[in-house]
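Listed after this line are the structures, all set down as structure tokens.
Shared between the two complexes below is chain A, which has chain B as its partner in the first and chain C in the second.
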Partner chain A sequence: MSKAGSTQPSERHLSLLVTVLAFALPVVFVLVPLAIFLVYSFFSVDQGTIIHAPTLGNYVRFFTDPIFLPVFWNTIVLCVSVAVICILLAYPAAYFLTTLKGRWRYALLMLLLVPLLMSYVIKIYAIRSILGLNGFLNKALVALGILEQPSTLFVFNMNAILLTLSLLLIPFAILPIFLSLERIPQTLLRASDDLGASGLQTFLRIILPLSLPGVASAASFVFVLAIGDFLTPQMVGGISGFTFGRILYSQFGTAYNWPFGAALSVALAIVVICAILIGERFGRNRGTSI
Partner chain B sequence: MSALPRPSTLFLAAITTLVAMLLYSPLFVPIVSSFFTISHGDVDWSSPTLSTYRALAANHDILAALRTTLIVGMCTVVLSVVSGTLLALYYHGRRSGRSVLQFIIFLPFLMPPIISGLALLIFFREIGLERSLLTVIIGHTVFVLAIVYRTVLMRLQSMSRSLVEASYDLGATGWQTFWRVILPNLSSAMVGGAILAFALSFDETMITILVTGTQSTLPVRLWAMMRLGFSPDINALVALILMFTVLLCVLAARFLIPRQMATERA
Partner chain C sequence: MNQNTDLLTLRSVSKSYGPVPVLHDIDLSIRDGEFLTVLGPSGSGKTTVLRLIGGLEPLTTGEIRLEGQDISRMPINRRPFNTVFQDYALFPHMTVSGNVGYGLSVRHIQRKEIARRVAEALELVQLERFADRFPAQLSGGQRQRVALARALICQPRLILLDEPLAALDLELRRQMQEFLKSIQREIKTTFLFVTHDQEEAIGMADRICVMQAGHIRQLGTPHELYYKPNCEFVARFFGENNLVAGKLGPVQGELRPIETALGRLVCSISDQPHLKAALDGASAFAAFRPEALRLAGAKDNDNRLSGTIADLAFAGSSTVATITAGADNAAQRLRLRMPSRIDGSMLKSGETVSLSFAPHEGHLVLA
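Moving on, here comes the complex of A and B:
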């Protein structure tokens, strides 16, 4: 908006200032830190001090040490599973929302999204108490006769992380799926109906394919949020639930190896970028272009 | 999608109910325990009490953390709304370099917080900035900027160009047009963006843990306490925060939804 009326010198100064800020802010506070971070991944540590000489040692260690690659892979599998669970639960819910009319639709959508705004830490704590030995889940399973006695299957292991992350991230799957379902023109469904397709046929051949972009974005959202989380695994994972995020975080705490932590972050960033690109690629292609 | 036969609608409704229950059960636990005592995993329904709320009022540690969180939230809102609006105004209708810079703004929001947090941590160390509330505020601002920017930009794009042209035609200067035409049109988007920014800042945990100094915000304080187990007054705090967030959410919906219902990540 600064191009018009920039005849007075004070306005020209201001617009120059705005231009500088508009470029400097993102560069200084986002790009520069990320660049320094990347450079750090080529440094090393000797007895608690960081040595500012370039080396590939951190990356070599990541690929050769028998600990890191398996944890990395397991974490990816875990987060893909979280995404699958979230979508399996979110899809029917999102679909149900689109069958509702007007106000109800958005009221219910809101209802399903509000838990997102609730304190993350508190939710983790509450879920842990639900999954625990004396928790509600065990009580319910025992009461239903599915379990003889309370089980420790749901706390302090990988299952616990899987369940907790899924519970936390479902709303992130509901929204994109809902948006893609809502965008499907009603005329297509009526045409399908007129041509004699059954409800199931209409769903499988029209609704499902057209909503897949939403599913792809949902999956990439959930995956990225799950893989970056280090609080949940720390809280409910116990000793056996060791994820990549935890290892990464520990490099900046107890292990105190920032350069190696930076290298692990680069690996994490690459996976995240791939997930985002895949989500973008399949999330955009179709759906709107009818 | 009204062509569905009834059994499948019932099935969908059942799944939706299940999802809602799953989402709300973690919220339910602390709220119930804020009014009732729980021992050995059983709720004692017979004696409702407000003692947890009284205990909360006396817990200076938590109240200090709450105050810190509010300060950080306010500063983050001011910084992110001012810079987000400036950036949106600047990039709107400009082609060169916009997509690259826009991508940079979105990076901290897209990247896992652990990466943004660690990058900032190393950055602050390299430029010699001590970890403090200032670093937390910078971290939060960088994180929420994308949301404010996007909210304002979308409103700008939906604003008719002829409003600005009319203003110039009627002889208004650039400043007058900005203050009297553009800004009033953006105000509800800015308020909505501010509420979202505050809500995100209020609950931001991962970046904060990494860049905070000695003063901790509420989520970080809770995180530290969680290892030892919570005292009952935390539940009272949680119940209050929930009420507060629902209120915020209703407000945000009021400012954002009428125009951008289908496109916002509310």
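Moving on, here comes the complex of A and C:
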């Protein structure tokens, strides 16, 4: 114990413990499992037992089998579409929120976020019953005369997954967009008016560019959450709505091929990490923070 | 430009926020090409005046005319005025030239023309080398100059400046004052400058409009405000002053006596018809500046006072003496400012002194 240190030994031990914990928790619960997945992806399975000998077989299968790459690609397209739909719906909602004054603004924001507190499964059931053959959507469309017969277009296929994921994930898009819009100082908008810009010009040249970081994080949020979801496709996707998440799930749950499942997870993880990095890249203010 | 024609006229302009009135019946004319400063303590309504002219807020009553044409209801983006905001309000995602050219590009002016005028404006504010920087990469003074260039590139009839120097340190503020004044002389545009700092106002303005509690108290050149304040507020607010309360005596040509607790003081009333018209016995103040008071060399007609020195404060080029004058029950503190001397003044605290000031160096304000 050095005399120079003014802290008590027990205090120093405590702070050491806290430091170790702060580093150990993410290592043990995030990095180690990821590493185990990575290692497993190089093993293989024979008659239900895992053979612990390194092989590239799982990756060769992923890239050569005609099933996996197309599903992988379709799933990415699906999730990008979900992100786009969420942004298109969330932006006007978030913009509207920022035009409200004081208490109303946050009350309404809370209302929009309340669905996050509900059980995921119950929400999917609810949406499924809305989209179904006798559901609210079909009844409304028939009543309005847009459809003659109830349509099966809305449930147990890719459309259903797209609609359901979009509905479920919109709150995750509203929040970051709202925050980035709210951070724009009002005087910038006044300055734009003062310099002769019309309302549309102010929106396109000041508000929109300054809210893009929020849009980028919203998009990467939604994309990452959508691509990792296997429950929604399972419940509303039917036979034709087959996504990468469902394949993954079946490798672990039914096929009992953990090494191949691990290889597919690694492929998914790479996409997710790329999405997060892209979101982060555009989420920053290009070195021009206010 | 003719300094004698009115560019902008405010006629009985009032403004309330809900039930709270902030401006009462303001009348103000801004002359073409002048540097007009609106000076007042915080809460006086000076920024509101600027916001009403700029179109940032609607009027409650009254009208604003630009060369005779009523612009009270003209939307902000069509008014030929530009504002330099207190916190500059530069667009953080645009470079310096993007910011400066913004007012032109929203008017769909050709790109080449914009580039030429941006270069011109940046040269004027001496920021040519910073055209491609972002606002976050500039110092406070540089941002200030970008904001100015952005406002003047649209060739507005009037530039509105809302305490633009408040965030700068003292030295930079001095430089920017000179800089603003020289730019204003060069481009000959009318400047309306809002500040609470009277030194800033004296240093830059052609005319100063003093505001208090939503009223205009006085409008005039710095010299007029300093030597002929028209009310107690201006006399106290604008520069240091000694005010002694009393009752007016009969007019004696360009002079008028006032009976005070310190005796009879005779002050000048030239060019101030309202003081000539005031009734005998009306309550008023004799006002005289600390530098007008003299310790020696009194002439026959000078006003004479006596008192004891309570405090001496050395302030560099000058020394300020605080003097208690008058009887104990009506004691009054006076300030005297005299040039400092290297060998120190002969005065000591507690010493009794006799003071004087010439009648033409004193003035009167009605209570």
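Just so we're on the same page, the second predicted complex is superposed on the first by the 263 of 290 C-alpha atoms of A that agree within 3 Å, B and C clash if a C-alpha of one lies under 4 Å from a C-alpha of the other, contacts with A are read in each partner's own complex, and residues count from 1 in each chain.
In this text, a contact is a pair of C-beta atoms (placed from the backbone, for glycine too) under 8 Å apart; a residue touches a chain by one contact, two chains touch by 3 or more.
The structure displayed is predicted, hence computed values, not measured ones.
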Next on the checklist: Once both complexes are superposed via chain A, do chain B and chain C end up clashing or fitting?
Outcome noted: fit
Item to check | If touched residues of chain A are counted for chain B and for chain C, the larger one | outcome: B
Item to check | Partner chain(s) touched by A:L31 [first = chain B, second = chain C, both, neither] | outcome: first
Checklist entry - Which holds for A:L175: it touches chain B only (first), chain C only (second), both, or neither? => result first
Next on the checklist: Let me test your reading of the model: by the given contact rule, A:D193 touches which partner, first (chain B), second (chain C), both or neither?
Outcome noted: both
Checklist entry - Which partner does A:P233 reach: the first (chain B), the second (chain C), both, or neither? => result neither
Item to check | chain B versus chain C as contact partner of A:L112, first or second or both or neither | outcome: first
Checklist entry - Touching A:G283, do we find chain B (first), chain C (second), both, or neither? => result neither
Checklist entry - Looking at the overlay, does A:Q201 come into contact with chain B only (first), chain C only (second), both, or neither? => result second
Checklist entry - Is A:F23 touching the first partner chain B, the second partner chain C, both, or neither of them? => result first
Checklist entry - After the two structures are laid over each other on chain A, how near do the C-alpha atoms of chain B and chain C get, in Å? => result 10
Checklist entry - Common interface residues of chain A with chain B and chain C? => result 193
Checklist outcome for this item: chain A contacts chain C in the complex at 185, 187-188, 190-198, 201, 205-206, 209-210, 285-290
Next on the checklist: Which stretch or stretches of chain C touch chain A in the complex?
Outcome noted: 54-56, 76-78, 81-83, 85, 87, 89-93, 102-103, 106-107, 134-136, 150-151, 154
Checklist entry - Mind pulling up the chain B residues that touch chain A in the complex? => result 1-5, 8-9, 11-13, 15-16, 18-20, 22-30, 40-41, 83, 86-87, 89-92, 97, 101, 104-105, 107-108, 110-115, 118-123, 126, 138, 141-142, 164, 168, 173-175, 177-178, 182, 199, 203, 205-206, 210, 218-219, 222-223, 226, 230, 234, 238, 241-242, 245-246, 248-249, 253, 257, 261-263, 265-266
Checklist entry - Any idea which chain A residues touch chain B in the complex? => result 1-2, 4-6, 11, 18-19, 21-23, 25-27, 29-34, 36-37, 40, 89-90, 92-93, 95-99, 106, 108, 110-115, 117-127, 129-130, 132, 134-136, 139, 167, 170-171, 174-175, 179, 182-183, 186, 189, 193, 199, 202, 207, 224-225, 227-231, 235, 245, 248-249, 252, 258, 261-262, 265, 268-269, 272, 276
